[in-house]
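Next come two complexes, and both contain chain A; in the first it sits with chain B, in the second with chain C.
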Partner chain A sequence: MPTNIEPAPVEAEETKDIFVFILYVAGITDQVKKMVTDLETLLENECSTACKVEVIDVITMPEQAAQNNVFVTPTLVKSFPEPIVKLIGDMKDTGRIMLALSINGEDEDEKNLLI
Partner chain B sequence: MNSIAPFQWDVISGEHKRPAATCDILGLEISVFPSNEEAFLGLVLPSDRDRVHRRLATTTPDNPTYEIEYRICLRDGSQRSLIENGEVFFGENNSAEMVIGTISARVEETDISLDILKLNKIVNEQADAVVIIDIDGIIRFANPAAERIVNKKSEKLVGSQFGIPLTHDDVTEVQMLIPDKGLIYAEMHTVHTDWDGEPAQLVSFRDITERKHAEQELLESQQKYRSICYSATTVAIISIGADNNLTAWNLGAQRIFGYKEDDVLGQPITRFIPMRDWEPHEADLKRIAETGENHLFGKTIELRGQHKNGIEIPVELSLGVWHSNKGPQFSIVITDTTERKLAMAQLIQSSKLATLGEMATGLAHELNQPLNIIRMSSDTLTEVLKEDDIPSHDFLNKRLERISSQTQRAASIIDRMRVFGRTPQDHAMIISPRDAVFATSDMMKEQLRLCEIELALDVPETCPSVKGDLIQLEQVLLNLLTNARDAIEERATKTTAGENGPRCITITLKDAPATKTIELMVQDTGGGIPQNVVHKIFDPFLTTKEIGKGTGLGLSISYGIITDMGGTITAGNVDEGALFTVTLPAVNEDQQENPEMRLQVQ
Partner chain C sequence: MSNKILIIDDDEAVRDAFIIALRKDYEVLVAEDGYKGVDTARTEKPSLIFLDLKMPGMNGVEVLATIREFNTETPIFIVTAFYKEFLHPLEKVANDGISFQLAQKPLSGDQIRAIVGSVI
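And then the complex of A and B:
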């Protein structure tokens, strides 16, 4: 994977008990490094399940972003398990991140909280 | 303008056919309609799409007609409501094979549509990219600017997963990778809105790349200059605001004044100036702040600073001013001149001692004279006392008085040398140039007489004072007189006897009230300065004298002393010799009244 921050593709056996996140960024800057650390800390503290954060630099891998309809960076995608959730912004509002990630059904009221 | 457009739909191949004659219905171009079912469904609003897709489900061979109302989304982002009426033709196994029908626009919505069209125009002409997303983060609308930014047509964008902005009625800075433009910086605004009666978010992106780059460059240049200024350790670079309080303090300032940056920012600058210098400094800054004019800009100003430990430091500073919306700001570059002052003082001192050394021969002569007289007198006395006749009281008295007076004379010669050899005061004093001329003349008179050189003085009765050290000014005159003497002596050795010109040195002191200066001129008849060195006569180690005779430092040090006193010294040739002119600023009456200056004089 295209990152020096978080390597190791997720192995098939592990995937059952793991959340996989992909963070799309533009360039690995100090700001981005801090964002990744903060995000990992947040997920570690708030998420009972193990979490993997992959980082994709859209500058070096633009086709990855295009394939997944990532138009804006930073974008955080919860790619596993379903449903796929895509969050856009500077990842500073941790409350909204957790709220968005907690939604896993079709509960319209919950979704409305985000709008 | 038609209100109905016919169509034919081959259900098996998915092909849509419309007569070429049909151009539009109520302003809607039929040519925008794709010619196959799948693409046609793409035109239909996503929320209606599923219903339209299943529009044949209710039809049977017994009931082959249907009517359905749906909305389509046009490329310009506008929506139109359409009514489709169709009749289905079934094949042998009761499966739909062909549909023939019409599409019409909903007439009653036309007026509203015109308003919507106006709004669409506004949104479409927006330079900002605008997308509307539903609660699932699906794009429901994208304007042309958004199409351009992601390089995708609206049809492709609508329905695709965009994501949920983490901001809410707020602004966030994001980046976007644009296919042929590279990375741009954008401000993402999100606003709550409705779309098809459902809550949605309007997300707009404003390209701020240029602003961002400008900001970045500004930041970098700020950091660069701050780093350059801050890390300079040999000079203090500080700045103060109009209120006299410090706004910047670098490592050099820390070294010179002993305070760290954190301890001094916001403090008044007077903390680093000895108390007795506060008043003139504050008056200066006040005047600059009020009038904007400043005689100090571009000049090096000498003053005293105060170290954290209370010790006064001689400093040199230059002042710059810049204007911010908080008023004038001053940038000040300060150099600690302690070491330079010390080195200069040492150089002056050693040169003085060298001058004394050079004068030793003359001194020996000078001292020999009274000593000879003393010896002769005492010899006479001894001889007379050996005889039986008792010498007269008058005779003895005369001899003893002579011994006493000559001892006095020798003592005064030694005294003069001792005074000349002492280290000068640190601070400038008010001195009389007349005193300097007379003292130097006293010192050299005898030596010059021995060399058969005439010393003429042209000194006015009164003359303004100057600021400086008396001994140093004497040293300059002494250097000039010694040079003049040597030049005359050397000239004599080069000419045959009898052709010897006049042997004369003139010291002239003049008051020049027009320029508020005094002039001191030393002219000799030594043949003048060789043309090839006249322009560098004040350079150190330059000497026109024989090897072993001069240090080459005399004039260089004289130059330093006079410059320090705020004056100038120039060299030139006149008639039969060299002319050195010293110009010194005269001290005006007010300054003479200054009690502090008085104190220093005392």
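And then the complex of A and C:
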């Protein structure tokens, strides 16, 4: 009887079908909490693929921002799948977020787009 | 919304870099210290403020708190290096609910214009 159990192929496929966003902010204020809630609601309503949003407070974790070439808050980074897309400014312009979602990941020259 | 942008920085080279990046499309106001920066923010009502963190006299944290006493709306970008020791004084400010954003020093002309374009 085999003792090592390989992950089911279905699970691996599900892992690929996800958008990962990182939101870089200055402090976890009420304004930021609302921004995250609005963003999650938008993604839930508009994105057919599963989306995950991580929040990084640049005040307490500045090295994370520096490592990822984030030079201003707020910045939303679509970190997976490639191409990496960065949006700066508040997240009220839902059109820009949807544009980030719609950019095709097959074009390697489009990495690190700044919208 | 006006197209006035206020730069508060004691370093003339930094002020000049902002002027060069923005003067074509915006009215750039400059203040070489925190006191003048607060006065200009009060009288000129800029649409956006870039604020140096480390200045002699009134530092950036004090300027931010003072401006927020009479203006809670205008976006203020604290321009500083992204190092914990520089950012630590801002933790209490953020915990007090005072709103601001961060911009990493030094900023290129393109980065300055990108930030302004995201606000105005």
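In this section, the second predicted complex is superposed on the first by the 90 of 115 C-alpha atoms of A that agree within 3 Å, B and C clash if a C-alpha of one lies under 4 Å from a C-alpha of the other, contacts with A are read in each partner's own complex, and residues count from 1 in each chain.
Rule of thumb we're sticking to: contacts are C-beta pairs under 8 Å (C-beta built on N, C-alpha and C of every residue); 3 or more make two chains touch, one makes a residue touch a chain.
Small disclaimer: the values here were computed from a predicted structure and weren't measured.
In this overlay on chain A, chain B clashes with chain C.
Note on chain A: of its two partners chain C and chain B, the one contacting more of its residues is B.
By the touch criterion stated above, A:50 is placed in contact with neither chain B nor chain C. Legend: residue contacts after superposition of the two complexes on their common chain; A:91 is shown touching chain B, with no touch to chain C. Using the contact criterion defined above for the overlaid structures, shared-chain residue A:100 touches chain B, although it does not reach chain C. Once the two complexes are overlaid on the shared chain, A:30 sits against chain C while remaining clear of chain B. After overlaying the two complexes on the shared chain, residue contacts for A:58 are found with chain B and with chain C alike. When the two complexes are laid over each other on chain A, chain A has residues 26-27, 58-59, 62, 65, 70-74, 88-90, 114 in contact with both chain B and chain C.
Taken in their complex, chain B has these residues touching chain A: 135-137, 149-150, 160-168, 172-177, 183, 186, 188, 192, 199-201, 205. By the touch rule above, chain A contacts chain C in their complex via residues 26-31, 58-60, 62-63, 65-66, 70-74, 88-90, 114.
Considering their complex, residues 26-27, 58-59, 62, 65, 69-75, 77, 84-93, 96-97, 100, 108, 111-112, 114-115 of chain A touch chain B. Considering their complex, residues 77-78, 82-84, 87, 90-91, 93-95, 97, 99-104, 107, 111, 114-115, 118-119 of chain C touch chain A.
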